[in-house]
Amino acid sequence: MPDQLLYALEVTLNGLMAGVLYSLVALGFVLIFKASGIFNYAQGVMALFAALTLVGIQEGQVPFSHLINAIFGTEIHHFGWTVPAILAIMLTAAVMVVFAWAVERFVLKHLVNQPDIILFMATIGLAYFMEGVGDLMWGADIKKLDVGLPQGGSIWLEENTAWLGGDGFYGFFIDRLDIVATVVAAILVISLTLFSQYSKQGRALRAVADDHQAALSVGISLRFIWVLVWSIAGFVALVAGIMWGTKSGVQFSLSLIALKALPVLMLGGFTSIPGAIVGGLIIGVGEKLFEFFIGPMVGGATENWFAYVLALLFLVFRPQGLFGEKIIERV
Amino acid sequence: ELVFPSLSYRTGPFAAGGVPFADGYADYFTLLNERDGGIGGELTRVPECETAYNTEKGVECYEATKGDGALIYQPLSTGITYQLIPKVSADGIPMHTMGYGRTSAANGKVFEWIFNYPGNYWDSASIMVKHALDMEGGSLEGKSIALLYHNSAYGKEPIRTLEELAEKHGYNLTLIPVDSPGQEQKSQWLQIRREKPDYVFFWGWGVMNQVAIQEAANIRYPMDHFIGVWWSGAEPDVLPAGDGADGYKSTNFTGTGTDYPIFDDLQTYVVDKGLAAGDGQSLGQVQYNRGMYAAMLAAEAVRKAQEIHGVSAINAAQMRDGMEALEVTAARMEELGMPNFGPEVNVTCENHGGPGMGLIQQWDASAQKWVAITDYIQSDREVINELIMEDSAAYAAENGIEERCN
Amino acid sequence: MSLDTTDSYVTEDGRTIGGVVMEMKNITLRFGGVVAIKDISFDIREGEIRAIIGPNGAGKSSMLNVISGFYHPQEGEVWFHGRKRPSMKPYQVAAQGIARTFQNIALFDGMSVLDNIMTGRLTMMKSNMLQQAIWFGRAEREENQHREQVEKVIDFLEIQAIRKTPVGRLPYGLKKRVELARALAAEPKLLLLDEPMAGMNVEEKEDMSRFILDVNDEFGTTIALIEHDMGVVMDLSDRVVVMDYGKKIGDGTPDEVRNNQDVIDAYLGVAHD
Amino acid sequence: MLDAGQTETEALLEVNNIEVIYNHVILVLKGVSLNVPKGGITALLGGNGAGKTTTLKAISNLLHSERGEVTKGSILYRGEKVQGLSPSDLVQKGAIQVMEGRHCFEHLTVEENLMTGAYTRRASRGDIDADLNMVYDYFPRLKERRKSQAGYTSGGEQQMVAIGRALMSRPETILLDEPSMGLAPQLVEQIFEIVKSLNEEEGYTFLLAEQNTNVALRFAHYGYILESGRVVMDGPAADLRENPDVKEFYLGMSEEGRKSFRDVRSYRRRKRWLA
Amino acid sequence: MIYREAGDFKTSYRKDSQTFPLKFDRVAYFVLLAVAFLVIPFIINDYWANAVLVPFLIYAIAALGLNILTGYAGQVSLGTGGFMAVGAYSCYKLMTGIDIFGVEFPPLNIFLSVIVSGGITAVVGVLFGLPSLRIKGFYLAVATLAAQFFLVWLFNKWGWAYNHSASGQINAPERSVFGIIVTGPETAAWAKYLFCLVFVFFVAWIARNLTRGAAGRKWMAIRDMDIAAEIIGVNPLLAKLSAFAVSSFFVGIAGALFFSVYLGAVEVGEAFGIQKSFLVLFMVIIGGLGSIFGSFAGAAFMVLLPVLLKNVLVGALGWPTDLAAHLELVIVGGLIIAFLVVEPHGIAQLWRLAKEKLRLWPFPH
């Protein structure tokens, strides 16, 4: 095979994998949007918060130690134990449920029936809030996250594909972490799709998103739905946090992955769970190929905007994204 | 009282580097107060102001602290530096941008109030090339170097220098930008994997550092051919990648670790007394030492100023004179308990950039520490000076500045 | 058929009904599998009050939407003032002097009643952006002229007291009235009303009827009206079109329609008095 | 099932002198008291803006989401204060509201909309299907449109969806806000027939806010007339029907019988409510 | 009664539609203007100018701009930072002289530079506004991020835009108006302040005029119900694009001032990043969508709050700066949420309600 084609193939493969990682974040957005029409900007910070909490628990860090030390003049930092990864993940998930409850109790409950943009803003407020709390709780330093996921290029694949190309070709490169992410994402998407399509709660979710008041009037408990959905979104955030955190360490910038997920959402449609995956794949491949082939011509570093422009072009033809619910326009 | 405002960033995306630096900076002055009763009998004070690496907050901090008798600013961010260059010049307060900021500020003829000794970005680039030359036995002819850089003013700094040096040494330079924040670098690293440059020079910041080092490990790039600038070579950058980071190199202009007598003093006078700015864990880390070094240079400049002007409570203008006459010799560093902690520094009216020296350090993942593998290397002044002259002349022309020092 | 002025006649109560202003020819409108309108033709004459009635989902509102250019029928033609109307955007249709109200109230909730009604005159406001930015001069003069016209409408509909109230706060019935005011402010030649009296009690319906009749009488405005209250329809309208399942099942004077067996079966249930 | 005048029987729902304020400043209800007896059909009448919708929302606790609050008085449903309950609790306790202006879930299909009505029920799939079929029997039109998104159905179809949805919850008390709005005449009759039969056969209690006074008073047992936030008159429906003022203003009848709407032109309202 | 409108009769429509129909408000407004123009310039110092007032004024312009687009025309935009960058770089090019295809334009007067920058931004805004005809709601909001990221990337890459300076930074050279220096390091605090104030005054005036007339009604109609608006005769494309144009014009002016007067040197990614877009959106929402007063209130709130918090936590309470900074995030976030919970329509609505209450005072209703 000609080299150029091989590389294109490799880039495509890696793009797909990167896309899956975006989708993991996008999924959280979709869930909440579907369930309440809320565009949850805090999703990225939730991932950060979840990852921070996970590392903190795993390493037996004392929450708010910095604050406590500053106030009481103490010198505590660690409990002196470490917690196994699985247990830590479960504990973190529990924390996310508490968080979901708090969000409902202190924010959403008071904003029933408000315009979308107000709810959106509230989630930005929430993002600030959680970022601050996360820092206070666990400190602002970079943390290494290790729950035992494999990392690094798959040597097996490299060796078995090296024959495809000529001398300079080492075989295909794929990060093993990405493979794990793909599997996890597939499981998540399938189970979430089943949940939202075939359960009573799934239907209630969509009803709530359409009209809060009417949902209340037929007896759907917004409170339950929201706690449920935010808990699931919290769990998805945890998964995303684990993947991204393993990749780049746990730190503030983790929250910025939300920005990578937005074009994915647009493209897939805000309300579609499979859309999040398909959108992610398209964006992942698109931006990688563009950066690879066109990037050098225009000076590179196109990835930040290319995804958005691609999604924008898509939207001009399909304003609700690929799989989004059609926007109802009637008088 | 001597006031050294510290524009720190303990929050935001770059906090990991900002915290130890600010701690080191503050701790050194605390040490001077506790051990020596200040500098020349005058106590020091380090009011801290959080910038979160944000330009506007930086301006606010500057305005808030400048009236307070501030002697010197170290804004620690290229953005804020550019912001403050005209402001400090107008207000008459010296600014020291150690290893960052506007490179051409090394030309004291144009930049009266700005200093960037002991080295600047271009020095670092040149030192990296020199190291590569060493590794290749003196010639880079026909070799290829890729520059992986943060797509911002900061990241673009070394490009001119590396291009000039490419002409001189005959290597090919490939430019690979990464947009901020740099969480996803797959395509860049696939490109590197495909083009197999002999060296990857690295100008990253924040999360970009960790991701790049992780990705380099992932594609099994030979880590000792992967060399970062001094802002991409601290502990938080390499730790997340674990063993994969072993062998990664970066430049630096201070020593690392706590194997210097001064750390004993710090322990006794500062940490043990509970006066440390941080939790006392970061002593010896790259950024901590760098902060301490910055404080040491500032303190030495104060001494010089006190000496020149014969007053202990100097003002900002006198501080500037002290900086311009600063001389930190190996002997002096020995005296300070920091033998060979940094290069010898000698500042003059024309040269605000100091010697332009730096060393190469390498990460030892098993020991979890940085190891200096070279001595201080002198950058290629010939090339760099020319670039500095060119850029500063342009600035002077743009802003109607008369050359001084003549 | 084309505009035929010789056709005009005078009604019992002395109004002159002119020739055909609008004619729908063989309109068919489909939404995917749903056929909302099936090959319907009818006309509207100048100065008349033309009612469209029919069971729920018969396609009445869709018909109004076709007239106002919001739906584009797959088949059929719309003739306006004797000319075949090309495919148009709704705002272009509005500029031709067709104003309307909506079944599900479509007021601009964020604005006061006054501003809502002023939007009715937007098609007539001519000052450009720059003039408006400067305000003093043309824009202000224009604003005040139109304001005067709007105040007339407000007086006419007796909603002076709520002029400055945000419409979101109004009760349903008043919203309908404000919507009518907005449509009237546009000084339309043809006024389309989609269930203007839904959600009103008799007294309010009487008021509304009075307004409709007065508009028709004083300004000679042609009116097409959808309404489920047979009392209102029979009393007010000159001619009635009856639709059922997208098809036309009757067309004629109230009396004719009322006695049409198809209409009784499909819609009225019992013969209406 | 219940005869007019028998309001002394067990009161299912009691509204005691409530005051409602929107946005902290707009006082809308100024002391409204109602009594809804179990198994009765109670009508709430009154002109535009009288406060009918507000009263119903206060009862079903939906005011909250409109920035309104009950500042005085109390509402008791089966002796229990509703202010402490969430709307979904209320539905579970058997009181459901059909909101004014339809409020369908636009993106859900007609059938899914109906199914949301059964959200609080723990009935078997079969029971729910049976109820679904019952609703389709009442409104055959819905059956035809079952697969279309509610947002794309006609106004009247949406109204049917809203009513059908409430029926799906198998409530004990239904608060109907303007059920007849936008419905074709036979359908209006039909809806009231449904109300009547549910009331008589299943013992449902109804509180309905209606503008269509004529029909409402024909089917209701007891009526309250609301004007600018106050109850100005109440009584058994039959009595109200005979009241001359009610006749004049709400039924459109003068001494000579029904006037033509055409004649109102020469006729100006004499005066507002005189009670 | 402290505040009332009874007895304040209007005899013409002109009077009825004036900006401050109540005499009380009118007097308050003129007093405020007088203080802003005649008193503050004499007492202002560097700290107040650079840390508080100048950023407040500039953000107020940006917030007014975004409020026109988002608050009045209902098009949520997250591209404000990018559009400010267009203003800033245009201003830079204009003030340093442009060379287009060999035609040299001499440096333009700073006052004109700022205005023309606004114009250029308006054109760019319209370009990015084009998709708004098809794309709505949050889809549009996210789509405007395309503008944000693309523009930032462009100004980072396009050497011409920053006169090929080594680092890609742009620096504002010294310029003056009527002999008074308004840009560059030598600028006096009062001159900066007044220069911005003049712009704020005119921008607010134009915004007020546009929003009370036909244009404003078109925008609001589109915002509240775009289909209905189209059916009653509003051309949606023109309405939306004009909103984009006016909004970007203001935002461009804000960007130009931000660069030339306030910061003096900027790097695009840092000064005009996505954070800026969010910040301005916050101002608009906290202040009150669709309210001119709200734009000011929001800008004041978001500029002052962090400064205030910092001064209290670090200055007065002596907390470590990092704890203070983290706590600041928590407090700002919490306050935003609290604000939205208490009054989703922003400070402007709170103010209106307060007035309504005052009017009724001492009675509760």
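Per-chain numbering from 1; labels A, B, C, D and E assigned in written order.
Keep this in mind: a residue touches a chain if its C-beta (ideal position, glycine included) is under 8 Å from a C-beta of that chain, and two chains touch if they have at least 3 such contacts.
Just so you know, these numbers come straight off a predicted model, no measurement behind them.
Considering every other chain in turn, the ones in contact with both chain A and chain C prove to be D, E. Farthest chain from chain C (centres taken as the mean of C-alpha atoms): B.
Comparing chain pairs B-E and D-E by the number of C-beta pairs in contact, the larger count belongs to B-E.
Centroids of chain C and chain D (each the mean of its C-alpha atoms) stand 29 Å apart.
With each centre defined as the average position of its C-alpha atoms, the distance from chain C to chain E rounds to 42 Å.
Centre-to-centre, using mean CA coordinates, chain A is 45 Å away from chain D.
Averaging C-alpha coordinates per chain places the centre of chain B 74 Å away from that of chain C. Looking at chain B, residues 10-11, 15, 19, 151, 179-180 sit in touch with two or more other chains. Counting only residues that touch two or more partner chains, chain D has 152.
Annotation for chain E: residues 153, 156, 225, 227-228, 231, 320, 322, 326, 329 touch two or more other chains. Every pair of chains in contact is given here: A-B, A-C, A-D, A-E, B-E, C-D, C-E, D-E. Residue ranges of chain B in contact with chain E, taken from their complex: 8, 10-11, 15, 19, 48-50, 52, 54-57, 59-60, 62-64, 66-67, 78-79, 82-83, 85-87, 89-90, 102-104, 151-154, 156-157, 160, 179-180, 391, 394-395, 398-400.
Against chain A, the residues of chain C that register as touching in their complex are 65, 70, 102-104, 106. Residues of chain A that touch chain D in their complex: 112-113, 200, 203-204, 206-207, 209-224, 271, 325-326, 328, 330. Only residues 46-47, 50-51, 55, 96, 153, 156, 165-169, 171, 173-174, 184-186, 262-267, 269-271, 273, 275, 306-307, 310, 314, 320-322, 324-326, 329 of chain E touch chain B when the two sit together in their complex. The part of chain C that touches chain E in the complex is made up of residues 68-70, 89-91, 93-95, 99-100, 102, 106-111, 115, 118-120, 122-123, 125, 127, 129, 132-135, 139-140, 142-144, 147-148, 151, 182-183, 186.
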